[in-house]
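Next up, some structures in structure tokens.
Next come two complexes built around chain A: one with chain B, the other with chain C.
And then the complex of A and B:
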């Protein structure tokens, strides 16, 4: 039986930051990041396309119920449909499930676990690296989309600024929550990617459509309460779909729930990494 | 950390900081005149930030609308011909849009000074020659030539016109023309007034709109004191219309507080109820009252209605040629 010497065991925060420093570069320049770059460039290109079409046509944005659609409303729609409902969950699944799995697959986990640092710090450092990597790509993307789209239809950059800040905060909360949940899935389950994809593309959209309490077992339910933009109240198909999500908890209830969920997921994932025996394929 | 990782982090943070910084500045200061968003009329850079009333008309859209074609025969365009005779500008052919404003300083029943800033395609030499023919004289002002009216029977001496840009023509009070030229150069036009721009953005995109400060209307003394006493405290009034085969009109009143808005809603509901009661005696009034929808929330009250050609016809019946008198 061996005991860890406190002098040689680096403190958790310092160790976490060392793993973060090591992992950030690996994550940024991995093949997965090419996919991430394409995903975050999509909304920017779409916004630029909308801007070009509206400018060239000279007819402005379309009307809904006699009122012209504003750039702010288009931005809200892009944030909701592309970022919250697609990009954030997908990145959470792809990166969260691979935090430890990639090291196992590459057979490099041994090098990390033989260092005089806590195993939990390995997981937490990689989680912080995931968060930084995705935030550094997504947040500038959303800022660019904001400046491209919001001025359309007479929208004001200044007037919509508080909602932009709230959107950025909400996306960070989403990245943290999804990352923590799928980090836990990645350390506990055998096929974490499949489970994650079923969760974000099957479970979440499915239960959100039905009345009842099942939707409380999703992250999207709590995230939608943080969306500052009012959903379009029109009778169009898009408006009808968005109205489905109108039943939302309060902002503070959502934040509290997501904080508890994230903390629980991170603790359980860190304990799993600490205690689990990882067997490398020969 | 690798160099390229460090550069990526710096570049990403730079985009984020510049974006958020710009947004923050725009939030607190607003955009200067030079950075007018593309969707807003460019003429707003000539409008004073304290304008009492600002109005806009997408002339091209209004003239091309189905409703306009239907009403054309009913409302002869004599004013158009008169304007063309004096200025050489054919509104229907040459003009794209017009922004007009009344200065905010008119009080005590003074006639407010105003200016119309027209955007379109102009034959500059022909227009200047025509204005000079009508007794105007040229007055250079800050690299711009203002043609001041000669003071004929139908044109006041304070009237002037000038090309404020390649495709922008200003016509109105000479003092306002001079001020507009200065304003454009200084970049302190209407775009610096956040309250005004907020209302303009709310109606921008419609075929025509008007935004006005209610206190300026009150200060001008054009409303009877008795009427004012009955109207709850309104701060801003705006109206907009969209035109296709039907006229879609929306009027919005911003009040001092929610209580004032509720009082105004009550007042309007009462007026509409009286209008509906009149349906038997006056079907037109009844139809009009029935088509009006009262809405709004908080300190805002909105009224919207759609006027079909049939309704407009009933309000303003077409002139029928008088039947020849039968002589025995």
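And then the complex of A and C:
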């Protein structure tokens, strides 16, 4: 065997893509993905249920302030409440915190850390694999929900298509931001899953309900600025809560903030992986 | 002057309050060197320091003349076969070795070629297309070896490479390691079985309780083998037939059955292993799946060595 041994490490981008190749199949066919595929099937079943009820009852969607709720508005509500506030953070927590931890638990990290590649490439390659894997899980689900719900109340699939594209983009941005944040948590903290679950189910919903600056310390606050559909508004309690959510920054401010947060989280996480010792259980 | 392949200077490693290695200074020469010690002696800690997985708490370690921690370019020159039985089980042997070889900066087709060559060396080319999850313990050990040598490293670091192999695979692996050493490459191989290390090299590092007890050509250790019975656990298809064959010679001290295995004690491990390999090759007593040796053999030798 006469493989040449160059004296520098494999380039970061090349190594990142090689790790991505190696990791994607493992991630896609993991038990975690099977479980989360069932979770993302939930909104599809719910949308199908709404469609069946509306069709059988023959009364159409309910009225708010004398105007009928459109299928597009219901879709927007589902996107916000189910995808942005639940599924995307859950995917981010479960995958993000385990990017390196899974390899450590399986004791396969040794094979990656004893190769002529930067350890940062291991983290980044796994992050790209996470994005691809979660996008493959979530995008079919949201597209199905769109086709099931938007025609309700006479909505046009074609007319709402740009907002679907915007929704898909927003979900990807959410997956990137949550994944980077929880990737950092996973490389720095001892109980990353617990910390992540507290963040998404305790901290974010908690501070979003109150006016003030604390909500700026959440990802959901910036994501809600990217929601393309107008929230259905009325004077009920639910409507009041939704109005609180409507207090949002501009789209560009949100995108810029999320970009900075993501970049910082990725850099810090990559540095943590680079410098940390991973002691495997004997 | 010959450059040491591994040089440690006052090297210590501790995990919180637990000392893994304690003030080790040593120099590993080119060629095949065995690191011998019972479980918990510090072998794995030393191997992890040599392969840059751990950072020294104190002191220095250099591999092929360079510090290893945070120096990934050095891995072009090093191949590592870890102790743990850990894989991406859904991948085939060929896919796995090729994917890891690809991390060495070569193209996908070059990586596949390298993987095929490495699998041929460890005699797994026929099963390279099968998923690793379906491999026997011995095949898993050999595919680990293949990923370590696929990029043709100058230094091969093997942590308990013979663990769980069947007699034929053990013999082939020992031969491979010796050939590797003869070809001018270096091998650092760890084991808790004295007989295994001795069959590969006479250059031994003795480690116990985080310290190097002796290094060099340790012939005296050889004599201790006869004074301390050597236990061997053999998992086979037909333990009773195997036992009948084993009892036909006078190299056994005792024999007992355990589930699908035979556990023997011998005072002449060389003769015993040679006979076991012949039995496995002849297939007269069915397949022999796994041969392991508990570390109490070596522990007894070490207790004797450190006795005041």
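The rule we apply is simple: the second predicted complex is superposed on the first by the 274 of 282 C-alpha atoms of A that agree within 3 Å, B and C clash if a C-alpha of one lies under 4 Å from a C-alpha of the other, contacts with A are read in each partner's own complex, and residues count from 1 in each chain.
By our rule, contacts are C-beta pairs under 8 Å (C-beta built on N, C-alpha and C of every residue); 3 or more make two chains touch, one makes a residue touch a chain.
Being a predicted model, the structure only gives us computed values, none of them experimental.
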item	value
Partner chain in contact with A:205 - chain B first, chain C second, else both or neither	neither
Which superposed partner A:29 touches (first chain B, second chain C, both, neither)	both
First (chain B), second (chain C), both or neither touched by A:164	first
Touching partner for A:152 - first (chain B), second (chain C), both, neither	first
First, second, both or neither for A:110, with chain B first and chain C second	second
Partner chain(s) touched by A:119 [first = chain B, second = chain C, both, neither]	second
Touched partner set for A:21, first chain B, second chain C, both or neither	both
Touching partner for A:55 - first (chain B), second (chain C), both, neither	first
Which of chain B and chain C A:144 touches, first, second, both or neither	first
Residues on chain A lying within both footprints (that of chain B and that of chain C)	21, 25, 29
Chain A contact footprint on chain B (complex, rising order)	1-2, 4-5, 8-9, 12-13, 15-16, 19-20, 22-31, 37-40, 194, 197-198, 200-201, 204-206, 242, 248, 250, 304
Complex contacts: residues of chain C adjacent to chain A	15, 44, 51-55, 70, 72-78, 80, 82, 84, 86-88, 90-91, 99-100, 102-106, 110, 114, 117-118, 147, 149-152
Interfacial residue positions of chain A with respect to chain B in the complex	21, 24-25, 28-29, 55, 60-61, 63, 66, 68, 70, 132, 136-137, 139-140, 143-144, 146-147, 151-159, 161-162, 164-165
Residues of chain A that touch chain C when the two form their complex	1-3, 5-11, 14-15, 18-19, 21-22, 25-26, 29, 106-108, 110-119, 274-275, 277-280, 282
